[in-house]
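One structure coming up, written as structure tokens, with questions to follow.
All chains are identified by letter, namely A, B and C, in their written order; residue positions are counted from 1 within each chain.
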Amino acid sequence: MSEQLVQRLLNELTKLALVDPHTHINPHAPASKTLADIMGYHYYTELAHSAGMPKSQIEEPGLDPKTKVGRLVESLVHLDNTVQVGWLVELCRKFFGFSDDRITPANWEALYDRAAAKMAEPDWEDQCLKQSGIERVFLTNDFDDPLTGFDLKRYIPCLRTDDLVFHFSNPTVRQRLAKATGIEATSPDKIRQAIGKLFEHFVRHGVKACAISLPPSFSPRRPAKSEDLAQHFNAAFIDADTVPGEISSHRRLGQEFVFWTIAEFCAEYKLPFDLMIGVNRRVYPNGVFQGQDLFDQRVSLIQYKDLFNAFPQVTFPVSVLAQVSNQELVSYSWIFPNVVTNAHWWYSNIPAFIELDTRARLQAVPRNKQIGYYSDMYKLEFAWPKFNMYRECLSRVLAQDFVIARKWSEDEALLLGRQILRGNVESIFKV
Amino acid sequence: MSEQLVQRLLNELTKLALVDPHTHINPHAPASKTLADIMGYHYYTELAHSAGMPKSQIEEPGLDPKTKVGRLVESLVHLDNTVQVGWLVELCRKFFGFSDDRITPANWEALYDRAAAKMAEPDWEDQCLKQSGIERVFLTNDFDDPLTGFDLKRYIPCLRTDDLVFHFSNPTVRQRLAKATGIEATSPDKIRQAIGKLFEHFVRHGVKACAISLPPSFSPRRPAKSEDLAQHFNAAFIDADTVPGEISSHRRLGQEFVFWTIAEFCAEYKLPFDLMIGVNRRVYPNGVFQGQDLFDQRVSLIQYKDLFNAFPQVTFPVSVLAQVSNQELVSYSWIFPNVVTNAHWWYSNIPAFIELDTRARLQAVPRNKQIGYYSDMYKLEFAWPKFNMYRECLSRVLAQDFVIARKWSEDEALLLGRQILRGNVESIFKV
Amino acid sequence: MSEQLVQRLLNELTKLALVDPHTHINPHAPASKTLADIMGYHYYTELAHSAGMPKSQIEEPGLDPKTKVGRLVESLVHLDNTVQVGWLVELCRKFFGFSDDRITPANWEALYDRAAAKMAEPDWEDQCLKQSGIERVFLTNDFDDPLTGFDLKRYIPCLRTDDLVFHFSNPTVRQRLAKATGIEATSPDKIRQAIGKLFEHFVRHGVKACAISLPPSFSPRRPAKSEDLAQHFNAAFIDADTVPGEISSHRRLGQEFVFWTIAEFCAEYKLPFDLMIGVNRRVYPNGVFQGQDLFDQRVSLIQYKDLFNAFPQVTFPVSVLAQVSNQELVSYSWIFPNVVTNAHWWYSNIPAFIELDTRARLQAVPRNKQIGYYSDMYKLEFAWPKFNMYRECLSRVLAQDFVIARKWSEDEALLLGRQILRGNVESIFKV
């Protein structure tokens, strides 16, 4: 395949400004202040730990940012092959005038200082977004987020609902819910009312999606009647799990009720419901912060059959954690009008898998039902290298499978690329 | 990889006339009459529906063919990326003098009329087969098909047995069986006798294979003795399912008995038994006709261990629906003499998966045990673009993995390609 | 991608002498004596059988080596596409002056004789290792191997523990254990003592790893207390399985106890514990010797969560049989410091899968945690073609993903390649 062709497509696609449809940006502190914010991203801490650095060195209480970066840099010699460290070097070259190929014990301090100076500029947030070609950014908001104090035009609320579904039996969660809504969730009907209040609040603030991450074992069903659930209210909603990691059948019914209720409100408010399917939490509990979750590839979208059938009016942008789930995602999106493919998530977010997944999606899913990519970033600096990785994969697939194999013109291929990158984000999320 | 090399191999392979070892052709109406026959293929209706067209518009009762095509054409703007629409355009260019790259609201009517005129030619069936390089075509025959009134040299019967195994408790199925055989299936022994009658009938008419599609949950076992089954005859064979989608343990035994009986007759009559493994029916019951089925990737060929061991004299051409099953298929074909790889089925029938699967099969399965491709077509016009897609994938793999990586001559690679495309169909099905 | 670049990388990597970290070499007869030793490798017998040769012809008692080879050669016409036959031809060209592209009924006898003459040279073992670039070779030793009578510098002991975990209820295994240790394993504590004795013996002889192959259903758990197990000692350790292929819950507890005990000794003696996950034994019991095992792709590394958490001080080089398990392996190695990727095992050991797996590993696993390849060979002659196959795949990935896509220099890519091929074997196994 002609590398020149790939490069031409990539250059054109890079000119397109984007809306990032899923991130963990804190809109009150969207950009980094030091390299420690950047290298504190769990990818670097968990990889450093995996490569041999004790957690105690990485997460030592009171560690100052510069010392932390110095320590993490020592690990990079074991990590420079990873695409994640590729992102790091690329963003340092893009934003901070870094001109080496690797960050090493010999060159990191100068980089650290130069980066800190750059990020101290008062308009760094604006600069970073502009240089990255990012216009708008979806957030991941706690259900009790007041959604005030930031620019709702730039930062788009997304109601994250994991806590409500999976941690409702945690008293803190119920207290937060009561505080946010003024409703004590003492019955299924009250729970529904409280969740309705949350939706009203989010809709008033321009929410454009609801989202949740789901374990491989979850299989939503239409819940029993509220009256039946009310009979076992404590077991379904209040009692703590007796066996860690195991969920009682009553608790399961409680989770299904909350989940289904959220889907009903998505229908009522015409909100897409992002499903991020397949993560097991705390598989490695002694791992670093956010570096403890893994997955079980034995999961199927057939588990969501009832949901997809029950809510034809709700669009479900689906992300799958396991790459082996991609064919199911392609096929379910090809058949169900309300299922759309959503980017490349976490452990599937490396070029080896992105390319395979993108090929299959572009060959078999209607072009208006594919959200190419989201950054999943915690800090704005990551949009650039992550979207760039995706654009390279996309350009390669467009070149091979469309321009070469199907003899499309480059312009036609670019139209497809732009729709995947941006057009569908606008049409699916109505932004 | 040299695109010229791929093209040279492709050109040579395209010259080879083929026997299509699995289709849904109706031998009484094998070719299309209008574009509505072609665009009525479930791939287009289900993709149009998936992309946003209401089922009611697509399946409106009494819709005339031309209006239907006009409606479906409106969806193509969302579907032109799919390989299925690629087939459509390719066959229109091949057969109907279509010279554009896309079918649009602006150009479809002229195409419709030109196609109708072409298909109205009295020898269109012959022309189409000749231009497509297809000599003989396997059918998919209901068990009570009289198998008369068509050319048995051109159209080869294949006994499809889904109804017998999975819908035996449907009274209509039993009535059809009684009518076809003159035997009331009122006991396991009578069922066996009736099935034997069907085989006799099919063998008299030149049947070359028996076939069945199987859900991911099916795991055939040597059945209990007829006497034991007779004790629970109603539960095993007659009673309707009480819970939709759930199968009682007795009913399961009944299914296993019928399945095993069919395998025994395959042994007796030396017929290959095509297993098409992994489809869940009616996952999306509100989908368009034939656009409702999906799958669960959690399936294993280990479920067929007893079968493969019990019938060493029966050849099992195996198709898998999930691409993740391909490695198992490769490995089971590499170990079991009676398991052979059979083409690229349905949701796995796109170049992204065909290439991966073909590479693995050509590298690890004996060359005499691989059936490269079947079209699965309902109308003859689809053989050309579907086989062409496969030939392109095959040429690419032969070029990369044999001519380049293993330094085979192009002639040696072509011999392998021809064996996969045609030779093995002849030797495995004895046609 | 430039084939010249791939070739340059390959040429350089081929110069590196290697330590082969997993083989089945018999150190008392490491090299072959005739082509029958080479073609008796299960890959050829099972593929010949799969392609149509009756087992009785292949395993006829008293068959002389030359006749056996002559028979197997007849099958090669069906097998020349396989990469396994590719190895065969390549090693014949490398070692025995074979200059044809295929071994045929017309040319095999001369090859047989030339090969026999070569292998009869008294220093053939040394020649073969030298030409293959192999310096040291890990063995697979039965737990009662005396480990004497061979060069422990060249052949490194590895304690294989399948028998202890999965066949403890076989009286022969217990007798061997008693004989090797002088301890009658009549209680959990005695079992532990006996296993401890084995470890002492192996450590005295320079063991560098413990290893086991595991069925897809296995999921190790921290065992019950010895006293509880003692109560059901017979059921857990002695009683034969009543249903073939099914394991009682007590027997399962017994297996888990032995497995966990072995892991504890790995911790005590600082030995890596090779886990080879996913094989079902005797799926095709009528297959040829060693050609009876297959797998079930429905397996997850989540089954090893407790183990990986319980033994942070033990390094687990993990091999997975199913290619679909590779992403889990990549992800678990990326998160758990004590999990490392170990080569490409058996049914995944073909270029189609090696390339996919290598891409993902190099992109996402710390470079110091990847063991590129082991030969798994039974005879020394196979190291050359097998490692060569891997080096070609590795060179292709280094060229595409590092030199081209990430603009690494060729030297940097080669450093990574050398670390994967050799450096990590030394650091992980401390050889």
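Rule of thumb we're sticking to: contacts are C-beta pairs under 8 Å (C-beta built on N, C-alpha and C of every residue); 3 or more make two chains touch, one makes a residue touch a chain.
Because the structure is predicted, anything quoted here is derived from the model rather than measured.
Give me the C-alpha superposition rotation for subunit B onto subunit C, in degrees, nearest 5.
120
Mind checking subunit A against subunit B and telling me if their interface is mostly the same residue numbers on each side, over half, or mostly different?
Subunit A vs subunit B: different; shared/all numbers falls short of half.
Need the CA-centroid distance for the pair subunit A / subunit B, whole Å please.
Using C-alpha averages as centres, the distance is 38 Å.
Out of subunit C, which residues touch more than one other chain, so two or more?
Counting only residues that touch two or more other chains, subunit C contributes 1, 298, 324, 356.
In the complex of these two chains, what residues of subunit C are touching subunit B?
My answer: residues 1, 3, 46-47, 49-52, 78-84, 86, 101, 280, 283-287, 291-298, 322-324, 347-348, 350-353, 356, 392.
Which part of subunit C faces subunit A closely enough to touch in the complex?
Per the touch definition, subunit C meets subunit A at residues 1, 298-302, 305, 308-309, 312, 324-325, 327-328, 330-337, 356, 359-360, 362-369, 401-402, 404-408, 412, 416.
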